[in-house]
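As written, the chain order gives the labels A, B, C and D, with residue 1 at the start of each chain.
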Amino acid sequence: MQQPGANGKLEHRTSLRVRYAEVDRLGTYYNSRALEWFEVGRTEIMRAHGMVYTQWEEQGYMLPLVEAHVNYRGRAQYDDLLWLDVSMEMAGRASLKFSVRITNEAGEAVAEGYTVHAIVHPDGRPIRPPEWLLQRFE
Amino acid sequence: MQQPGANGKLEHRTSLRVRYAEVDRLGTYYNSRALEWFEVGRTEIMRAHGMVYTQWEEQGYMLPLVEAHVNYRGRAQYDDLLWLDVSMEMAGRASLKFSVRITNEAGEAVAEGYTVHAIVHPDGRPIRPPEWLLQRFE
Amino acid sequence: MQQPGANGKLEHRTSLRVRYAEVDRLGTYYNSRALEWFEVGRTEIMRAHGMVYTQWEEQGYMLPLVEAHVNYRGRAQYDDLLWLDVSMEMAGRASLKFSVRITNEAGEAVAEGYTVHAIVHPDGRPIRPPEWLLQRFE
Amino acid sequence: MQQPGANGKLEHRTSLRVRYAEVDRLGTYYNSRALEWFEVGRTEIMRAHGMVYTQWEEQGYMLPLVEAHVNYRGRAQYDDLLWLDVSMEMAGRASLKFSVRITNEAGEAVAEGYTVHAIVHPDGRPIRPPEWLLQRFE
């Protein structure tokens, strides 16, 4: 069962395997793939906390990225199993921040970073976050 | 100036450079990238023949893929300049076929293949191809 | 437990979730993604039958694609859970063929197709398939 | 002819067209694509200043990413022509920083950010930057 973490953060751990398509000629993951993996982490932390993202969009809330940051810490090769430790918190009144730390099975750091998302109406206008979201961080 | 080719085919040549992101750990392009390059070829043959694809969608015509085929012929590395020789023809009454041959600067084969596309209304229903399209193949 | 299927085919079923990154502006998976999913299917059928692909490369066998074919059968949206039914068989004396059928949770067809792979030495030279491979198809 | 900019920075402008594959279901580029476009910018600024990146690797220098940052400023749709204004400078004694600003044909901001790269030997060991690189920033 997922519980809110301390300090108004939700937390979740998920995993994925590195695909052949994701590895470049240096034998490690191509840099932009970290952002695709962060997206997998966001999808799964929202599902784990009962806020499946497809339902956000059905209810008229969208979460476009405003900012992304990645620190590359180590290599990850084809077929490696990676852990994604994801946290989710409010960042100001109408933004969400997801932080992700990726490690391999040996516990070595692969990448870490974050994305900041506006909470907007499908027409692009910033809107007040829904109550069901705010309650989860209390 | 682009001219219709023989046999009801339109033809066009375009080029692109292999991105680092597109190369896998064997040092050649990852297989699915061929289909992304075919898409670049389709975009450019339609532009060259006065049928910019964004205008198709604005007029209510969509071209979802029905079938794709690729024969992998040779390697292509990061930063290689590739030639795409593209042809476009009707395939039956409501389908389009694009064929693509990719070669490197030395004229060596890299890949060839084709995609077949339905011509549909945005609701997914097959529709009669527009007159301006049919005229181009006469 | 995985068993060889009839007719010298190995079979395996795996699943994956559609990523946001994989969906285009029509709300369904972008066409080249089918080939990336086929790759996931190949990785997992080989693991299930005790032939992890990283070990192939360590032993000096590589499986470059010679040919790929996809028939697009239906839509798949962000976060859909997809089933991949994969089979693996010899295709001639030094080639392997993997066939994949992708369906959604409702059992509806999403895509199907195949890839054909040469069995080569890292220097590109075709080589005799290893005994441990041939035995699996007997 | 490319000239070094002020303050030890090299500068270059290049362009690219948004591919259909790069647009998500919101009709704008998927977030990780910005990093792939930054890579195109790096490739072209190095070529423009006589330092083709394939030659770096041939001479035993590699530029793995240490850090990446993107600020998402606006939408970019399929077939939009984008400008990439790239700059390149030393960041400390053994690191390079590339900054990229992406705008559309109307001059509107699409994204901006940077990547920081270590300069390393193929075995991963940090090495002194080559003289031909340092001279370009004098």
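In this text, a contact is a pair of C-beta atoms (placed from the backbone, for glycine too) under 8 Å apart; a residue touches a chain by one contact, two chains touch by 3 or more.
Note that this is a predicted model, so its numbers are computed, not measured.
Participant: Please tell me whether B-C or A-B has the greater number of C-beta pairs in contact.
Facilitator: Comparing B-C with A-B, the pair joined by more C-beta contacts is B-C.
Participant: Which chain has its C-alpha centroid at the greatest distance from the C-alpha centroid of chain B?
Facilitator: Relative to chain B, the chain with the farthest C-alpha centre is A.
Participant: Go ahead and note the Å separation of the Cα centroids belonging to chain A and chain C.
Facilitator: Averaging C-alpha atoms per chain gives centres 28 Å apart.
Participant: From the C-alpha centre of chain B to that of chain C, how far is it in Å?
Facilitator: Taking the average C-alpha coordinate of chain B and of chain C, the gap between them is 25 Å.
Participant: So how far apart, in whole Å, are chain A and chain B when each is placed at the average of its C-alpha atoms?
Facilitator: So the centre of chain A lies 35 Å away from the centre of chain B.
Participant: Give me the residue numbers in chain B that touch at least two other chains, ranges are fine.
Facilitator: 20-21, 26, 32, 36, 39, 78 - these are the residues of chain B that touch more than one other chain.
Participant: For the complex, which residues does chain B have touching chain A?
Facilitator: 20-21, 23-27, 30, 32, 78
Participant: What does chain B use to touch chain C in their complex?
Facilitator: Contacts found on chain B: 26, 28, 31-36, 39, 62, 64-72, 115.
Participant: Using the touch definition up top, name the residues of chain B that touch chain D in the complex.
Facilitator: Residues 17, 19-21, 36, 39-40, 43, 52-54, 77-79.
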